[in-house]
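Alright, structures below, take your time with them.
Both complexes below contain chain A, partnered by chain B and then by chain C.
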Partner chain A sequence: MTTDKQAKEKIEDLGKELVKEVLANKPPILNVPVRALSNIVFNKQKEALELGNKISERNFFNVAHAKKFLQTLEVAAKSKDLLALGKHASLRDVFYMIKRTIPNTKTNIVDEQSESDNAIEDLELLTNLSREQLNINANKMGSVAGQVVIEDKGDEIDWSKMGSGGWSIPSNVEEIKFKKVKAKYVIYMEKAAVWERLHEDKFWEKQNCIIMSSQGQTTRGIRRLLQRLSQEHNLPIYVLADFDPWGFYIYSVLKFGSINLAHMSGSMTLSTARFLGITADDIEKYGLKKQLIAFKDVDMTRLKQLQNYEWFKHSKDWQRQFKMMQTMNAKAEIQALSSRGISFITEKYLPEKIKNEDFLM
Partner chain B sequence: MAGTKKKGTTDTMNKPIAEELSKNQRDISVAEFFERNRHLLGFDNKRKALLTVVKEAVDNSLDACEEAKQLPEIIIQIVEMGNDRYRVIIEDNGPGIVKKQIPNIFAKLLYGSKFHTMKQARGQQGIGISAAVLYAQLTTGRPAKIWSKIGANQPAHYYELHIDTQTNNPEIMREEEVTWKKTTGVKIELDIDATYQKGDQSVDSYLKQTAIANPHATFIYTNPKAEQFVFARATDKLPKEPTAIKPHPYGVELGIMLKMLKNTECRTLQSFLTQEFSRVGPQTAKDICEGAGLVPSMKPDELQLPHVEKLIEGIKKTKIVAPSTDCISPIGEELLEKGMRKEISAEFYTAVSRSPEVYKGIPFVVEVAMAYGGEQPGDQPVHILRFANRVPLLYQQGACASTKAIVQTNWRPYGLSQSQGALPVGPLTVIISLVSVWPPFTSEAKEAVAHYPEILKETKLALQEAGRRLGSYVNKKRRIADQQERISIFENYIPEVANALSDLSGVNKEKIEESMKKMLEKNKEYIQAHKEAHKVEKVEKKSKEEQVALTGFEDDNG
Partner chain C sequence: MTTDKQAKEKIEDLGKELVKEVLANKPPILNVPVRALSNIVFNKQKEALELGNKISERNFFNVAHAKKFLQTLEVAAKSKDLLALGKHASLRDVFYMIKRTIPNTKTNIVDEQSESDNAIEDLELLTNLSREQLNINANKMGSVAGQVVIEDKGDEIDWSKMGSGGWSIPSNVEEIKFKKVKAKYVIYMEKAAVWERLHEDKFWEKQNCIIMSSQGQTTRGIRRLLQRLSQEHNLPIYVLADFDPWGFYIYSVLKFGSINLAHMSGSMTLSTARFLGITADDIEKYGLKKQLIAFKDVDMTRLKQLQNYEWFKHSKDWQRQFKMMQTMNAKAEIQALSSRGISFITEKYLPEKIKNEDFLM
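Here is the complex of A and B:
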């Protein structure tokens, strides 16, 4: 573990290095690894996306780079302050902490949060520290329920006794200790609404499992928590997502890592993840044809991109799914199952799928 | 044209006014003719009437001074007399007019010699100044007052003239010898019904533009508000005197050719060609006949329509030297630029004078000048000043070939914005000047140049040539502005970066800032010439697009 003090020193070193260049009359340059598909390598052995070795040179004395250079330094300075104070800030906080107008200009240091977020990712790459280690957190966004007892900051928490909302997953889950894990597997789902269904039907109790969801994006906290449950307690992870290219990609990110976070793939990937549904075969088997929604152009474009990803290219099963989706030229949401009955998902669909081990790897 | 031989006859000219007037002189009075054609003569309304009166008098004065090789100095005075009545007084330092001619020139419509020769001049139909006199007479009843003096030792003649509207003959109301301090010159005073207004089509603007196109002339102008403007000459060099020439074979149309053949006194086709046209010698004439498949010894009046068609074909096939340019006197690049510089304040000036070209056998020259920047508004369509034989054209801009040529030119490479089929927008004044023995107008009012393909083509070429020079200036200016902007980016960013670096390293902020500023100073050129910047930027942009395409749900930006 990196302590706050060590993290702070790493950031300070970055600054000292640059000042040394400046005082030697050399233009200050940051060497940031390129975070784009062009610099992503799929490690077949580890089954994970990793960053290649393309470096983009960010020279302050280059019109195209000056602003980004400044943004990165601003973020570094703020992170250093946070570490010194032992406080945490959200991504949004950091955005406001550095947002201001540069004197004598009409230029703001940042105009949108995406700019400060990018600067933070640069800082992660430059210091080799994760965002959490820099005391910058994302918003909590996920819920969990199941037969698990944990300890967090001295509090004991029973995930089976969290009322109707479940326990909300913090952005940093490194400090959590698992006290008792009775559950046998985890279902991670794309939709909070589906989680509510499973929770109301006490699915986790009946099936002795953990149900987890996020609102939309799979946050780093959730990915890390899933990884820990998989690695430390050997729990299989099942992914329940929409039958569309975006749903497939949620699985892809969980399993192989994402392009933006390729530099953190070691602590993020989940080689044991399995795609439970909705699959193209489910559409047939569970009579969801009437619930299909016609593809738009963007869907088809995205599907074609997925088909060509290195990590899907050689999987016959996945290529078959892609092809079937292409032929249907349509997609379906998880909630399409409700057409068969409100609790069809918890009483029939999920138990059957899990029992028959009907999933994709 | 063909009428050069038989002075006085108008039947060879296809000008409707002339024909109408000569045929019907006995039947209708000139007053009636005037009423019927006042829109063609420039008297459609009171505002335009004021301009036309000034214009006709000034044109005549300029022509007279130039013929006498005298640097023009013209005094224009407009006095408001109340009730929409104005007194217009125009005085020149030209050669004066001999006593005998005074009544005819001022009080007889269509009197004059320019109509029948191939020679560049401002006035053309001899109708202008007498029409102004008639207008004064019809609106106020007052006679025209004329002073003329032809030499230092000569007396000055003073006339008060009316036009007899029944017979189109001068009616002398008063005539006497007076003393006038001027050595030579003419002065005319007319009382007319008119309205005075400032603006693009005002007398003020007409005189300013005339001063641009005639940099050898001085104008002293007092407007009805008693404001005096002096447009001083920019050169003491008179324009080259134009001479009369015969038509050039290229572009002479079938109809004109037929008339010429009918009227010629030559005995053979070959001599007809060599004598009635410019630039045709015996060899060229033989070549034309050979190309046409006609015998050079044919009698001109034996040629039937099919022969004449063949003859025109033969002319097209034969290479003939370009027409003599003696007959036209372009302003010239240098003087046009000088004229523009003195009247339009801008940052950049350029002028282009094309070589003479020919339309329908008539030589012409297009000249273009541009004035860019300064206080001219950048969000308005460009300001267009059009001239024909140095006379400003103030009306019917939309119908003019010059405007069409501007619209059809692509201005974007020259740094101006332009929508499809519209005038370009920018802080620019464009001058387009056409000089020709006979500038083709769309109507007798002589307000817009007709759309002849040859004229359009020449105008566009001139605009492009001047445009390229303008473009290199505008782009250079933009480049410098870009460079300055770049430098200022760094100047503003340095304190911020220094601050952050000081925070991170604990090194004194001023020390870092000073060092970075020094580097900026030293590396200014390095920064300006840093092409790599753009390359890297492009790569980054591309990967950003990839990212956008790929980030679906993958990330956790919170």
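Here is the complex of A and C:
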């Protein structure tokens, strides 16, 4: 774990390097790896999308680079302040914190949040620290329950004693300490309604696992929490998602990363992730045929994109799934299982799938 | 509080009434208040959107009514099952639970979730129970922190000891018991990032309040939790939202209700709600002019709609705000306050506004 003090020192080192160049009458230059599709490679061994070796030089004396150079240093200064204060800001906060007009000009340091976001990514690469370690947070989302006790901000929190709500996952989980983890695996689902089903049925207690959900996208807080549970406690992560291209993609991003995450792939990908369902085979096996929803054009287009992803291309199992989905020309939701009974998912579907290790990798 | 047993009995009473009509050789009829704009009235005294007196008769022997009649009874039967089991289903679950083909026909009981959702609203009106009381839940979202201890599902939960995450608000808060509530007011904000700012700065501890946020829409769980805190503990609710038509509308729905909520207005509106900010006056007073974002056409259109809402039409204060926003032809976000410093919001803006009772009603 990197402390605020260590992170602050890394930023200060970056500044000192630049000052040294200036004092030596050299142009101050930042060397940032290129973050574009042209520099993204799929690392087969690590099963993760990573950045390649292309470097982009940002020279303060090059008119085309000067603004980006300034933006990166502005963000670095704000991050240093945050670390010194022990406070955290959101991406949007940072945008407003550095948004101002450069004196004696009509030029703003940033006009759009995408500019400060980019500068933050630069800083991540320059310091080798994640933005969470730089005290800059993404959005907060999601709930968790299980037989786990953590310590966070001086509070001891027992995930098994959170009533019907669960513990609300913060945007930044770097400083959480795990005091007790009694679980054989983690189930991650996108849908909060499905999480509430599993929670009401005390699935985590009966099956000795952790249940986690977002409501919407998989935030970096959730991703890092899953990863820490996987790495520090050796827990496999089972992904429960809809049987459609978007459900498959949730798994894909979680396991292999994405273009946006490539520069952070080391701390963001999850090689222990398994796709639990819903699979094409489940449709037949669990009598969900009547619950299929016909594909729209956009579904088929997305499916064809997935089929061609490098990390899926050579997997017979995944290609078989894609093919079957294509033949059905239809998709199905997790909640379709409710047509078999309200607790069919917790009493039959999940225990059976997990016992038989019936998942895709 | 209505127990599951009482709710189940109400549904059984509904069934018995229908059986009585059948045995008396009368056509079974359900009388459901019309839920359409034509039957929505603004109750000035209660400051809430309510349903009027128009009733729609649903006669089983009328071909045009038969399917809706059946859908309502199907939903009633499922709700009764859920109440008997002590389990809760989501709206989507209920859709799948009643979705099947009527024997010897090619007709499905429901084809779209909107049909089962409608049937659930019928049932709410017929039984005078909210769908939460019928054990049918909406989506789960949001976090809360403060010096409050609750009991939920046998767990005692202290909202002041939840680390950086807070307690995750469930979709259904009807059964929560408040054991200790030490707070002078509640601040509700839509943005989770703002909630994290207030939480990190321990605003709830310093100011003796409760902080609550969603991330996205204000769910019924959040709405009911705010209402219970307002009604049972006499707490005013302060709404912190962006300075734009959508921010204003969040407040509008929370306080006065909406067309969709009109049939439930008694348990859904919040007469103690106050709009704390961001107001047009705040832009000047707190130096946010440079952070204004120019209006798009869609913003202006929405603003004009708000201006004409019956509950805003006669409010000088609100009309003044609308006018000033129109003149500025621009909007501003809560996070714009970060341009004045990361903790400007918790150290200056909020304490000052609340001390001066500088809010709109």
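The working rule: the second predicted complex is superposed on the first by the 249 of 361 C-alpha atoms of A that agree within 3 Å, B and C clash if a C-alpha of one lies under 4 Å from a C-alpha of the other, contacts with A are read in each partner's own complex, and residues count from 1 in each chain.
The rule is short, and it goes like this: contacts are C-beta pairs under 8 Å (C-beta built on N, C-alpha and C of every residue); 3 or more make two chains touch, one makes a residue touch a chain.
Note that the structure is a prediction, hence the values are computed from the model and not measured.
Colleague: If we overlay the two complexes on their shared chain A, which of chain B and chain C does A:53 touch? Say first, second, both or neither.
Modeller: The answer is neither, since A:53 touches no partner chain.
Colleague: Using the touch definition from the top, say if A:62 reaches chain B (first), chain C (second), both or neither.
Modeller: First partner only, chain B.
Colleague: Tell me which partner A:327 touches in the superposition: chain B (first), chain C (second), both or neither.
Modeller: After superposition on chain A, A:327 lies in contact with neither partner.
Colleague: Could you say whether A:335 touches chain B, chain C, both of them, or neither, answering first, second, both or neither?
Modeller: second
Colleague: Considering only touches as defined above, state whether A:96 meets chain B (first), chain C (second), both or neither.
Modeller: second
Colleague: Go through the superposed model and pick first if A:73 touches only chain B, second if only chain C, both, or neither.
Modeller: A:73 sits against chain B, while chain C stays out of touch.
Colleague: Once the shared chain is lined up, is A:356 touching chain B (first), chain C (second), both, or neither of them?
Modeller: neither
Colleague: Now for A:88: first (chain B), second (chain C), both, or neither, which partner does it touch?
Modeller: After superposition on chain A, A:88 lies in contact with chain C alone.
Colleague: May I ask you to decide whether A:215 touches chain B, chain C, both, or neither, giving the answer as first, second, both or neither?
Modeller: second
Colleague: Residues on chain A in contact with chain B in one complex and with chain C in the other?
Modeller: The answer is residues 90, 92, 137, 139, 141, 171, 216 of chain A.
Colleague: Residues of chain C touching chain A in their complex?
Modeller: Where chain C meets chain A, its residues are 81-82, 85, 87-90, 92-97, 99-101, 137, 139-144, 150-153, 155-157, 161-172, 175-176, 192-193, 195-197, 200-201, 215-216, 290-291, 333, 335-339, 342-343.
Colleague: Help me check something: in the complex, which residues belonging to chain B touch chain A?
Modeller: Touching chain A: residues 486, 488-490, 492-493, 495-497, 500-501, 503-507, 511-512, 515-516, 518-520, 522-523, 526-527, 530, 532-534, 536-537, 539-540, 543-544, 546-547, 549-558 of chain B.
Colleague: Going by the contact rule set out above, which residues of chain A touch chain B in the complex?
Modeller: Listed in rising order, the residues of chain A that touch chain B are 11-12, 14-16, 18-19, 22-23, 25, 27-28, 34-39, 56-57, 60-67, 69-70, 73-74, 76-77, 80, 90-92, 102-105, 107, 109, 113-114, 117, 137-139, 141, 171, 190, 216-221, 223, 245-246, 249-250, 253, 258-261, 302, 305.
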